[in-house]
Amino acid sequence: MTALEVQGLDKSFGGLRVTSRVNFSVEPGERRLIIGPNGAGKTTLFNLITGELRPDRGAIRLFERDITRIASRRRAHLGLARTYQIITLFPRETLLRNVVLSLLGLSQLRWNPLRRLDRQTVLIDGARAALDRVGLGHLADRPLAQTAYGERRRVEIAMALAQNPKVLLLDEPFAGLSIDERRDVQELLAAIPREVTIVMIEHDMDVALDFAERITVLHFGEVVVEGTRAEVVAHPRTREIYLGE
Amino acid sequence: MKRLALLLGLVILATVPFWIGNSYYTNIAAQILLYATFALGLNVLVGYAGLVSLGHAGLFGIAAYAGALLINAGAGHFIAILGALGVTLVAAAAFAVLSLRGTGLGFVMITVALGQIVWGVAYRWISITNGDNGLSIATRPAPFGLSLNLAPGFYWASLVVFLVTLGAMAVFAASPFGASLRGTRDQPRRMNALGYNVWLIRFLAFLFSGLWSGVAGMLFLYYNQFVSPQVVALTSSAEVLLMVISGGTGTLLGPIAGAALVVIMKNVASAYIERWNFVLGAIFVAIVIFMPEGLVPGSVRFWRWASGKLRRREPRAAAAIPPVSQPKERV
Amino acid sequence: MNISLLLAGNSIAFGGLLFLLSAGFSLIFGLMRIPNLTHGSLFMLGAYFGVSLIGLGLSFWPAAILAALGVAVFGGLVERLLLRRLPGNELAQVLVTLGLSFMIADAALMWWGGDPISIETPPALRGATFVAGLGFPTYRIAIIVVAVVIAAALWALLDRTRLGAMIRAGVDDPEMARIVGIRVSRLFTIVFCLGAGLAGFAGVIGGPILSVYPGLDQDMLPLALVVVILGGSGSLIGSFVGSFVVGFLYNFGQAMLPELAYVVLFLPMLVVLVVRPEGLFGRAAP
């Protein structure tokens, strides 16, 4: 059973084809990297998988279940989580509250207008644990506005990890980070257990190649190369795309 | 400490009729509570949901008109209140379904259109609403036999209603649902990805907001014993919006402060300044441009700036990390 | 039958007047993406300016043009001093225009008083003209003529001049327009002045029919809103056609369904808003 499968995915905006006959499948526990030049349609692909965008054609399957028609908010409940290229956190809240919101999304409690959120220890403890996992436990009560960019990147990941996802989509998790910060995130990602299948979009080749087991290369919305890390790195098409442009 | 302040505040509020001077001022205090209830209701949408409504006077007015019609048809006050609130909830649901088709400015304009339709009906459907002449009701309710005809009595009834509203708002704001709502205000896209049903959350918030606006509308009806199309005009929606944004959105104290400001200016200042609308408009413009976060937070900011200027020799604090940049989000 | 024709004639004339009012609104809306809630007040301000100018001895048409210029200048000041401070924040800009409308309305009340003032029909255009055996007030025909002339002039401006091309570019894609080198913020001021001037002009022109009174702004603004929402923002043809549609809806609605007159007017507007929610008020998807 594949963890995530995309079949014949097409998406156009007006006359522009941004996703073109994309097929790929990811095995459970795999670490898949998606690379490609700017405008290749990588984030669009993520948006199609999470359901923010409706494909024109094609199918998306999560653990063999067809989710193409399922509303994006439901996909979170089916075990799909993502982080964003641009930091998309809740600026007026503390780190703890940010992660609590992540946990709350999967809980029936989110509809409750009577209880006190501050007293929901299950959620709060879970959020603290998630922050600990990314090394930010000591900043849990700090307002987001008072944290550094690198810390916020890690909160992004904490939010997604808190959902206990089966498939985790990471959109450029290393963007804008310093060398040290990158190392921290690398360690973090390496520590994620194999129960979680990870698909990552990344530009930074050094860190990304370390992480990847299989790589999919996108160009103008199409899959042009796919294979193991060694295969893709050696492939002439890859060099052409990245060096010949 | 906070408990003590609350208790003190409660005592002050409860004894208003005794220390405020005369019944004129007691009535103004009742008006403040009435409009504070309305503003708190609107704040659910504007402050917590991030949805600006310029048609809320429509819901306020629908409650008042429905109440007046029921009372004049012979219904007792209890039934009239329930009926009016029921009608308001239905109207709020209709408003919500229609206006949630848009976001941001689209939402605002749809609420304007809806408010105008309510106004148009109130103004023109003379056989029902009596048009410009309005509808009067003969009596105020007498809960548990206590008369509300005099200013202090009505004030205390308003205070009870206001405190109930405030309590409801406090519980709402501290609840998981309240947090979900604020989440949809700040990052609707992410909330969706986290598993929340953003539309439904907003819809329910609209109903909640409409309910308390309706409660305020009934208070208004009983206070004036009269309702007219002016109540549902665009200027009325603008006034309550001004109350919310001038006080500071997204807080409990803000709408109350804003309501007090607008009511006091309207009643007391208009004894000295002839043209109230001009002042209202000017305050609106000034706040939007200079203190968009509202008077309460804005005054705090101003105070800090002013006292910062006075303490020149203070070493500068470590530069704050730049705030989170927010891309424009739409859902 | 005669009544219907008369009503139709009045609707067309009213439509012409509405066009003068809404063309500016539509341009402002199309370029700056804000519904200018001050527009009704600008109409009323122009009318009051006209009243004062005529009182000072000017004849009708010079007064109308001068009033239009006055309102245009006022509009320019509003844009530069207030709206410019809130770049890109359309919601705040709308609220500012709302607050301004209160201020203008009250200031007008202070200055010109609470009684309705009528503007006399210019002498050359009094009386009736006979068209196909029916008598229509000459002045109303004149309004239609003026509206058509101005529509043609605006069309020529937008289609044939460089300024017009820049405006159209700004309406279509403000980001791209900036990149290409168009000074979009200066365009904003120009368009706001133009729109305000047109509204002021319309106010004076409408004077002999509607007279000038406190509340005129509240009466006219919703109509401009409906026209632009039905006709599409930034579209001259849309405003033109929309104005006449609304003129008919308004007059026939008042005559045939007086109790639901406003519903007849606002319901189509609501339907359009609800069916095409982001088409008018949102930017295109990136």
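Here the chain labels run A, B and C in written order, and each chain numbers its own residues starting at 1.
We take it that a contact is a pair of C-beta atoms (placed from the backbone, for glycine too) under 8 Å apart; a residue touches a chain by one contact, two chains touch by 3 or more.
Predicted model, so just to flag it, every value in this text is computed and none were measured.
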So the chain most remote from chain B by C-alpha centre is A
Going by the touch criterion at the top, tell me which pair is linked by more C-beta contacts: B-C or A-B.
B-C
Chain with the smallest distance from its CA centroid to the overall CA centroid?
B
Taking the mean of the CA coordinates per chain, how far is chain A from chain C in Å?
50
Computed distance of Cα centres, chain C from chain B, in Å:
32
Using the average of all C-alpha atoms in each chain as its centre, how far is it in Å between chain A and chain B?
41
On chain A, where are the residues touching two or more other chains?
none
Residues of chain A defined as touching chain B within the complex:
50, 52, 72-74, 76-77, 81-82, 84, 86-92, 97, 100-102, 104-107, 109-118, 120, 144-149, 152, 159, 163
Write out the stretch or stretches of chain B touching chain C in their complex.
52, 54, 98, 101-106, 108-110, 112-114, 116-117, 119-121, 123-127, 233-235, 238, 241, 245, 274-278, 280-285, 288-289, 292, 330
Contact residues on chain B for chain A in the complex?
171-172, 174-180, 182-183, 186-187, 189-198, 208, 320-321, 323-327, 329
Residues of chain C touching chain B in their complex?
33-35, 82, 85-86, 90-92, 94-96, 98-107, 109-110, 218, 222, 225, 229, 258-263, 265-267, 269-270, 273-274, 277-278, 280-282
